[in-house]
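Order of writing sets the labels: A, B, C, D, E and F. Residues in every chain begin at 1.
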Amino acid sequence: MPTVEITRRAEFCAAHRLHNPEFSDEENHKLYGPCNNPNGHGHNYEIEVTVRGEVPVPTGMVMNLNDLCWILEEKILPQFDHKHLNHDVPSLKGIIPTAENIAVVLWNQIEPEIERFEGCRLHKIRLSESRNNFVEYEGSSS
Amino acid sequence: MPTVEITRRAEFCAAHRLHNPEFSDEENHKLYGPCNNPNGHGHNYEIEVTVRGEVPVPTGMVMNLNDLCWILEEKILPQFDHKHLNHDVPSLKGIIPTAENIAVVLWNQIEPEIERFEGCRLHKIRLSESRNNFVEYEGSSS
Amino acid sequence: MPTVEITRRAEFCAAHRLHNPEFSDEENHKLYGPCNNPNGHGHNYEIEVTVRGEVPVPTGMVMNLNDLCWILEEKILPQFDHKHLNHDVPSLKGIIPTAENIAVVLWNQIEPEIERFEGCRLHKIRLSESRNNFVEYEGSSS
Amino acid sequence: MPTVEITRRAEFCAAHRLHNPEFSDEENHKLYGPCNNPNGHGHNYEIEVTVRGEVPVPTGMVMNLNDLCWILEEKILPQFDHKHLNHDVPSLKGIIPTAENIAVVLWNQIEPEIERFEGCRLHKIRLSESRNNFVEYEGSSS
Amino acid sequence: MPTVEITRRAEFCAAHRLHNPEFSDEENHKLYGPCNNPNGHGHNYEIEVTVRGEVPVPTGMVMNLNDLCWILEEKILPQFDHKHLNHDVPSLKGIIPTAENIAVVLWNQIEPEIERFEGCRLHKIRLSESRNNFVEYEGSSS
Amino acid sequence: MPTVEITRRAEFCAAHRLHNPEFSDEENHKLYGPCNNPNGHGHNYEIEVTVRGEVPVPTGMVMNLNDLCWILEEKILPQFDHKHLNHDVPSLKGIIPTAENIAVVLWNQIEPEIERFEGCRLHKIRLSESRNNFVEYEGSSS
């Protein structure tokens, strides 16, 4: 059985502010620049979730894309979509919502969902803040 | 001299909330759905500014793109970029920041800048909130 | 009240075959080339639906995008999505499913839905078969 | 018979330099900035050619896309593709290769090709130098 | 000599149906959902073929892109382009045409073509069914 | 601390010609085809620079994107942007400006800039000549 990676892309729109309450206002402004704007700004985030696994002959699919789509659209992304990431998202409480940190939080929520599917494991998450900036995370063991 | 339209595209990242204070919370929620989230959400907005004019032989340009770029990047967009449109933008004060309204406000600010260039007039503004939603405005006389 | 155009983009995946039963096989092959393949081929179609109207101050919206989205995703596109356009779509019965003809059929179905919204009228439909080919239709009176 | 616009997109890669030999070096540098670099620079140009016409029932096509594709890829674009527009293109001789001027030259070459097809006329040319800059031309009578 | 990966992207349009004849109609419908539609549906598939190798100083190229382009456009993709993958493609006979399976079939056909070029080996194939779904395969030894 | 990769995308417009002076004109033409055009042609190059590192809790960032952006836009890309790569770029002197070679030259210039940032290392450079062609380089130890 060949091993293949499948990826599902999705989007969510959210506001965020980069700010560390342990730093002074001046330090925050120097560190985060315009991303430190007190009322926040926002992005159309794009997430690509990659699952790796063998392809069983009877189905021809690493994992049913409908299941992967359901996990993202119904279980994970409603927490983030049309929200202010600093105020509205319990799983980001106390975490500075940089793309790096959001990607790790998304990994930690998506990984247990994927593990329920035999032979599949979460391989990579790519999170784009804009066409010019994105981050990738492959889990803590990479 | 042929008449040609030139377009410059630019981006800005902002947060916004759709909310009319004259409606009840229930009415606002019904009207705007998740866009009514109290803390706001956000977008990577794309703006396309189209200028129409004749092409003089000596320059071969309707208008110098460096000038158009400067108007957008230095004069207009810093008011909107990395801001919360409901709280941080004086020209949007008292205006519900729908894409339609933002496009009209942008037109009203950009049009007088273009009129300083002989033979040029602002022809169209396209404002995209996401890959799936955009608005176009051609001024009040269209 | 300014007049603005709003556009909603959506996608559907479908198979089709270009074939006129009144022509000989040779004529069909000459006219449509590989698009005449008997078992069909397919596309990720993109549709952009543009609605034109004034922007009332209380809502700031030409038309509620949620309504436009619902019309497309719930009422119109399920007839076409994941279908073979020659065999599965009643409204295309007897019509060669070129992009031009599909756009006109879509217009005829979408226009009465838009007319129910006061002050709005369907302005344009753009239908893309691929990144390289698209058609635009503005109705029979254009 | 409905009237529809069909568009074909294509690309060509070329070098160019913006320079008017009647101006001094200083004036050229001030006018064109980095685009005046003596050895030139380059772009992946994108052209969209839009043809407008009625849709005859027997074919369902304004114009055969294979014909439009052949005109662009075989007849027009080989003059421009993988060339230096200031040195290698006879139809641009003596013309400053701004996007505006290239679009007009392309129109003048493509229009007579389209007129051979009954019921069709060239409606618009869009020429993009980059994702951020494009021009549109609808002919001298627009 | 540095080792570099070069990638060529290409497209093909095809219809397909996901269906395992060993399952009941009900099981197929449950497994594949709308992708099980009897007459099929279709996509604009995108393929990215990545070749890895050292860069010889005399040419500066891992492999001549013209050769890679020729392999794809002349030898491989005509089997798939403008076809119904369930009926028209001998190399997919008896194989459920999921993106995973098509990618493996493409790998098996492209790999021997690349091996003829000294110092080059096929590194990865990415196959996209749509902007939202793609698979990647790096061969049986990965 | 999780290890994450961050990527910054940027663009530059340049002309180039593929030509090895040690080969005959005939050999050059056979090897490089239209890319051997004596006056050159050009591209909108896209570069993606990927930096890998741990994410410190106080900042939530592998590396400040403003720093990465500054390195690219102020220090590296002005050498290449709006230039003819064969004539205007000292670091490409004597090097055939294929995408492979440009990527290696960019790596060699960007890597020491990244190494100044504690805990960060340059992970990958992707350089696209067009939507259809790109190369990736991960350094000499990959």
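The working rule: a residue touches a chain if its C-beta (ideal position, glycine included) is under 8 Å from a C-beta of that chain, and two chains touch if they have at least 3 such contacts.
These figures come from a predicted structure and were not determined experimentally.
**Q** Looking at B-C and C-E, which pair shares more C-beta contacts?
**A** By number of C-beta pairs in contact, C-E is the larger.
**Q** When the C-alpha atoms of chain A and chain F are each averaged to a single point, how far apart are the two points in Å?
**A** For chain A versus chain F, the centre distance works out to 28 Å.
**Q** What residues in chain B touch two or more of the other chains?
**A** In chain B, the residues touching two or more other chains are 131.
**Q** If every chain is a node and every touching pair an edge, decide which shape results: line, ring, star, complete or other.
**A** Shape = other; not a path, cycle, star or full graph.
**Q** Chain pairs that touch, all of them, please.
**A** The list of touching pairs comes to A-B, A-E, A-F, B-C, B-D, C-D, C-E, D-F, E-F.
**Q** Spell out the part of chain B that touches chain C in their complex, as residue ranges.
**A** Per the touch definition, chain B meets chain C at residues 18, 20, 22-23, 31, 33, 95-101, 103-104, 131-137, 140, 142.
**Q** With touch defined as at the start, can you tell me which chain A residues reach chain B in the complex?
**A** 11, 13-16, 34-35, 37, 39-44, 81-84, 86-88, 129-131
**Q** Which of the residues in chain A come into contact with chain E in the complex?
**A** 2-10, 50, 55, 58-62, 64-66
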